[in-house]
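Letters are used for the chains, namely A, B and C, taken in the order the chains are written, and counting of residues starts over at 1 for each.
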């Protein structure tokens, strides 16, 4: 095996933080591809430019995603990375593993690939970095026969992902792991066979802490919430008062100013609470949501390309999230139908909603306008009226004349 | 050797088989948790069962050798069960307190770094960079390593007014939640792309390329059967390069990094926020990006010295005002920080009530 | 219409676009079902069966997925021709 001199990236083995260069070197000890990846990276560091080409046409028979083609422009110099494709494995909900399962994943990867991974990629897949085209079918047969399917790529439903939820968190309002598994199974076809105009991501967080960054990173963000009161354990409040200035740190930081503490008892005007989670996360032993649990559905977030970043917009303030999740699955299908009908190539759903108007989208999925959906109403007087809208306003006025009572 | 029979559309394995018994038993019935220190926390179930978590840093780019070492540790202390986090950490879970200290001791002896829980700095969400991406204009892993070496104390032992979420994107595609991080680095191009007209004809669809441009800088060039780019309109986003390989935008001496601050994702106290541009350009300086790292550390330190308890960076800045942020940090305010893309209306000041 | 005949039509539809336009699944389903007055689902099923055996293939380029006629190189790699 060729020994590369790597003075620049060797610098990145110094210091306390774990080094990715050390990882590459570990893999390179026995793996020609990783060894060339090291040399390849050193060259990038010396010239300050990357050498990977655009993704190419690679994959496993019948699937349109899960493998991302990667070729080097300087493959002759570094033959081990001339082909260096990524394989995405669909991670288990919540990123839980057993050592047995992960060793099996490693064994197969050492046999066919570079021995390098990302645990995990940004979307959530377990990413296997670097293999050759002729190994892909074997890799798929080995993994799928052992229960591991590929994740997604391209113009498809991307691998759904979630927070740890009921696995290890007292704040979750629904079973994020169960929902993510159920949606992933329900929409296998949409994941593996790219039929959309562009990517579509679904992420599920159990509460407004949003540990999976659903609100910023998913076309459909499912954020857990509740409808009942926050239950207060006053004895625990007293305990917190020993180490915390409750008025300063909790009451005064409440965004709706719905709390009151007189030094003895904490009170919450639950009707005015907007469920932001600040007080609950700071006094987790003392405060607990109660009553009906479910989620807020938000739509549209994405990174800046093409005309600026979006955060997801509230579409459905509250929905129950319980197996078999029929209502949610139906909603997702309706959303896709409208998107499919209206999107130009490479348009995310948020962009299409901006183009076509929120009304068109909400009507298509059968959701009424609600003040919970907006931060503030429109500021300009330019608006569409349909004939039906005017007829409805006129009918309301006719009714008012009969009853003698205004309904605004 | 014959390959096993492939199966399609099976989806991921069911997560239940990977849950340790204490989690299966107490699934959805957790009562509260306490952060013990930056490296560990304990969750207590309604049943009284306890689950200790030890969080360990990872460079995200892992060799199978290191994953196997994680497996060995899990076998020794956690009955083979463990998990990873959305921010690329490893978490070892024990339900028997007696195993906690030996686990930590072993991790430490093996050189694993524990930390990142609570009001501190945890692992960095980042992209592939030069390691594996075609559109990278810097190396994400190298930047992350350099940043975290410098901020390491905030991972392992120091605390801050609240958590500080860091991210690195190796181009403006921003795979990962860079656009809503407390502090993030985003690599930027600064020059109009070049076009290989000869290849354009064969490799690119004209309407797609024209449509890819957010500033409508691209128009057809019928004579060349290619396109023209209006240099007065181009903002170097590189989206045309994404859809059309013969357009090249990489330039080693002009590509650099920008720093954005004040984003957040959760809804605690204030609504989620985008990160905002404060330092428009720092040259790419591999292997350790000293100026970018120094800038990030400086912002963290000014925040630590000035923010109130529980305030995230964005909340602190909103309270004191952006003019005060710039004066406290001493960062030069430049034209690039004034939006001239899509958000100008929302971002210019419309009152005379600002601070000197 | 027999499935084999429908598949030949789908193949011809893809062949006509080759080198001119990158077809998405949707383009083929819409185009062929309109041309032959068939239910979109029928076309989709027939097209998917072709993809499963390598008569058509999914492709990716310019930031989006498409469907096209496989190259010899692809067929050789999949062991479908020698």
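Miscellaneous remarks
Convention: a residue touches a chain if its C-beta (ideal position, glycine included) is under 8 Å from a C-beta of that chain, and two chains touch if they have at least 3 such contacts.
These numbers come from a predicted model, not from an experiment.
Counting C-beta pairs in contact, the chain pair with the largest number is A-B.
The central chain here, found by comparing per-chain C-alpha centres with the mean of all protein C-alpha atoms, is A. Annotation: 31 Å between the Cα-based centres of subunit A and subunit C. Distance between chain centres (mean CA atoms), subunit B to subunit C: 39 Å. For this pair, subunit A with subunit B, the centres built from the Cα atoms lie 14 Å apart.
Under the contact definition stated at the top, the residues of subunit C that touch 2 or more other chains are 63-64.
Touching two or more other chains at once are residues 208, 212, 242-243 of subunit B. The set of subunit A residues that touch two or more partner chains comprises 54-55, 62-63, 137, 345-346. Those residues of subunit B that touch subunit C in the complex are listed here as 204-205, 208, 212, 242-244. Here subunit C touches subunit A in the complex through residues 24-26, 48, 51-52, 54, 57-61, 63-65, 67, 74, 77-79, going by the rule given at the top. Subunit C contributes residues 21-22, 62-64 to its touches with subunit B in the complex. In the complex of the two chains, the subunit B residues touching subunit A come out as 3-15, 17-19, 23, 27-33, 43, 51, 53, 57-68, 70-72, 74-75, 80-86, 88, 93, 112-113, 125, 127-137, 139, 141-142, 144-146, 148-149, 152, 155-156, 172-180, 208, 211-212, 214, 237, 239, 242-243, 245, 250-253, 255, 265-270, 272, 274, 284, 286-288, 309-310, 341-343. On the subunit A side of its complex with subunit B, the touching residues are 8-9, 11-12, 14-24, 26-27, 34, 37, 41, 44-45, 47-50, 52-55, 60, 62-63, 70, 84, 86, 89-103, 105-106, 109-110, 115-120, 122-124, 129-130, 137-138, 140-142, 144-149, 161, 163-164, 166-170, 172, 175, 177, 181, 184-185, 188-189, 192, 208-213, 215-217, 249, 253-255, 276-278, 281-282, 284-285, 303-309, 311, 344-346.
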